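What follows is one structure encoded as structure tokens, with my remarks underneath.
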Amino acid sequence: MLDQLGNGLLLGIIISVASVALSLLYGVTRIVNFAHGEIIALGAIATLFFSSPIDYRVLFLDKFSPLGLNFALSCILAVIICGLFGGLLELILFRPLRKGNVGNIAVLVVTIGLSIFIRHLYLLFATGKVQNFPLELQRRQTYLFFDMTPRNLKVLIAGILVMILIGLLLTYTKLGKAMRAVRDSEELSSVSGINSDNIILITWISSSMLAGLAGVFQAIINDVRWNMGFLILLLIFAGTVLGGIGTSFGAMVGGFIIGILVQVSVGLPFMEGHTEAKNAVALGIMIVILLFRPQGIFGQKERIS
Amino acid sequence: MSSNLLEVKNLKKSFGGLQAVDIKELKFKKNQLTSIIGPNGAGKTTFFDLISGFQTADSGDIFLNGDDISNSQPYQIARMGMIRTFQLTKVFDRMTVLENLMFSGSSVTNDSFTKSIINTKKQRNYEIELKDKSYEIMEDLNISHMADSYARELSGGQKKLLELARSIINNPETLLLDEPLAGVNPKLAEDLLDLIQKLASSGISILMVEHNIEAVMKISERIVVLSEGTLIADGSPNDIRNDQSVIEAYLGKDDE
Amino acid sequence: MSSLLISKRVLFAIAITSFSIYLVFLLNPEGALRILINLLTFAGIYGLSAIGLNVHFGWTGLLNFGHASFMGMGAYVTLLLMPHAAGREGEVTTTGFPIIIAVFVGIAAAALFGLLLGLPAIRLRGDYLAIVTIAAAEIFRLLVRDLESITGGVYGIISYTENLQKFRPEFINSLSLNYEFAPSQAWVGIIAWVSIILTLFLLKRLNSSPWGRALRAVREDEDAVRAMGKNAVWLKLQSFMLGAGIAGLSGVLLAFNYGSLETTVFVPLLTFYVWAIMILGGVGSLTGPIFGSIIFWVIISETDRLAYIFFENANGQQLAGFRFLLVGLLIMLLMIFRPSGLLGKKEELLLDVK
């Protein structure tokens, strides 16, 4: 079981970052964004495009050659692109819907349709094959009580630092407080002079940037696939639910726990020969939480039914 | 003990640090018309929610005709004969007035899934009787001309009448009326009051939360006063009219 | 209000559907009948499934995104109860129940699965229910895949179609010789559409019954329902079971249409197809799914043509991808611009999370 700990930590940081992103968005806009996975994938795909060597056949249609940029730069650019994409979605899709008083359920179904649409855009125009970043292979090393490659360790540390940074930003800055105010009540906060439209836009941008970062992490640790976001979407939901919907700190912790549980569960006796079912463990946990403690570990008790 | 209709002991409910209800003991007898009054935020509607099962108390006991209903579901309490109305009138918007009543008057067995598929002669006869009963009540309350209109087309006052009609169609033992006169024009308020009095004299026990003090004084046999979740006075209209603590509670609130 | 016997909306729906069918003949000079029968069979099966989903969402406001698992439950239980072959070795089971009984049990199993899932989940708020149903469907898929000894796992179940086809009437066989279509598929198609008609009769009856009235009241205001002494949760559960059972039947038919069954059939994308059809046909409308399904399948099957225009050397994966692209787009556009679809009524829609 312990030899999966390294994998667990890595999956944990991916889910954790992605869960915080989702939770941030849900907290402020009350939208469960099923297209979240596609923003995650965009981070990976964009990085792939920016960093792959020129003339590499990475994208379908062979119309665009990758840019061959420095890897770190590519990651940063990709994250920015994701932020812009999220902002665009808010401006041209979700804001009009919000202004048009479209019900929550309709918006949820729209995000599902959007997710199917974008994902298959990736399949058709980006990559139907499994791709990898142009990074050299590394060997796993042992650190303390887990194994992983040095690069992955850097990813883990970077992820943790980002989470701490986010936590500080949310708690101590004016912007963070404004976001939390809009989350608690859009009407009240607009009365107190906070422009909720701007806050929502900023939330979309930051949530998407975080999601993109999660995608970059996932691609470094694993690979780039057209449906990579969809594959972990349920786990992200599980992490957010476990930690407490609407609390970023909860999402952070919940995401990590889910990641670790999923990988570690592979070592459990009844899982032998059924390793692909490890996701089912996390999903089962999520269902149980929703039934008995829907507010998760850190969430506030709202009227759930 | 069991001769009391409703009994409440050490009932406590708080929301995030705010004590909404804290009542040591309160008993209600059968066949009485009792009003519950108090300044805003006194906990009146929370009290109603607690005894009708829509909220669960943090601690304490509630007894209906001797049975412990502290943890009962709203539908169970309703089946035991205690029906309530709501502060914000609840009618079934996209159903006709007639359907609103027929649904309410229909027994749980009549609503059964299997019965509805088979559509027995018994069910059909029951439905016919139900329809007649519904029309009777609609006529009593003067809304029979709206029988086939959708409930959402009704005026505020008519909706209140509908909600009331719905509540009495099954001859409940107890009626919990949550602000029945709220937002109603004076003429209709008079008619509603008459109606409530008639219901009381026909044997239904009534508990009424109301802000309209004049109306309360006019028809109540007993008045219970809540302030900030606790009981501060309990007696006949005359007693309450002259009770110093009641006056202070209302005045005090006005100062805020 | 319109004084026509049939409302304008219905006329429009019939017109568009007829046009779609005509389009099939237009675009397929050869083998049109074969394509049409194929299309109508799928349309019938998916239409039935959408009718079940409509009971969940249209009648009761429940967000069920795991519908495919109800279909799968019905299919697997039914097939396993009849003579079949399963698993990597193609292990043959020669004993079994008559098909009528197997189907009946399959439907009951799907309904029971609905009960199992619904008991804890139905009290949850809308968006949470959506997540739970997706998760449950995923667990179902994984379980089916891993319990290979029972379900045949990824190798699936085969050799079961004879159980149905042996009842196929002669006239279909003779017609198929003259008109060139697959008789086995036509038989499944006929049964699908007969099932739709019977189900619609049942639902119509329920809708105007005291039970249907109670369910409508639950949709309007649950608290008031409770205050009237009725158990709103149980009513919702019953509706959940009803829709699940209908889905189960459609799953059985889908299995018979394919001729073999394995784990790639009952997946989330199937659920999304059914959702698209339901929205297109009109949420809350009894007959909406029929029109939605036919039009949807015409769009889907003819878009392969479109795909070839865009991608000169489209491979299988790309074609499928193009279809799903359109489905996603369709769902989005419908929900944004015309959530009531063809036959739904806007006022009837429950578009807010309660």
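Every chain is named by a letter (A, B and C) in the order it is written, and numbering of its residues begins at 1.
Just so it is clear, contacts are C-beta pairs under 8 Å (C-beta built on N, C-alpha and C of every residue); 3 or more make two chains touch, one makes a residue touch a chain.
Computed from a predicted model, the values in this text were never measured in an experiment.
Among the other chains, A has the CA centre that is most remote from the centre of chain B.
With centres taken as mean C-alpha coordinates, the chain found closest to the middle of all protein C-alpha atoms is C. If you average the Cα atoms of chain A and of chain C, the two centres end up 32 Å apart. Per-chain CA centroids place chain A at a distance of 49 Å from chain B. Centroid to centroid, with C-alpha atoms defining each point, chain B and chain C lie 44 Å apart.
Residue ranges on chain C touching chain B, taken from their complex, read 202, 205-206, 209-214, 216-217, 220-221, 223-232, 238, 242, 347-348.
The residues of chain B lying in touch with chain C in their complex are 52-54, 73-75, 78-79, 83-86, 90-95, 99, 102-104, 106, 108, 110-113, 115-117, 119, 123, 127, 166-167, 170. Those residues of chain A lying in contact with chain C across their complex are 32, 97, 102-106, 108-110, 112-121, 123-124, 128, 234, 237-238, 241, 274, 276-277, 279-280, 283-284, 286-287, 290-291, 294, 303-305. Against chain A, the residues of chain C that register as touching in their complex are 63, 65, 120-121, 123-128, 130-132, 134-136, 138-139, 142-143, 145-146, 269, 272, 275-276, 279, 311, 317-318, 321-322, 324-325, 327-336, 339, 349-353.
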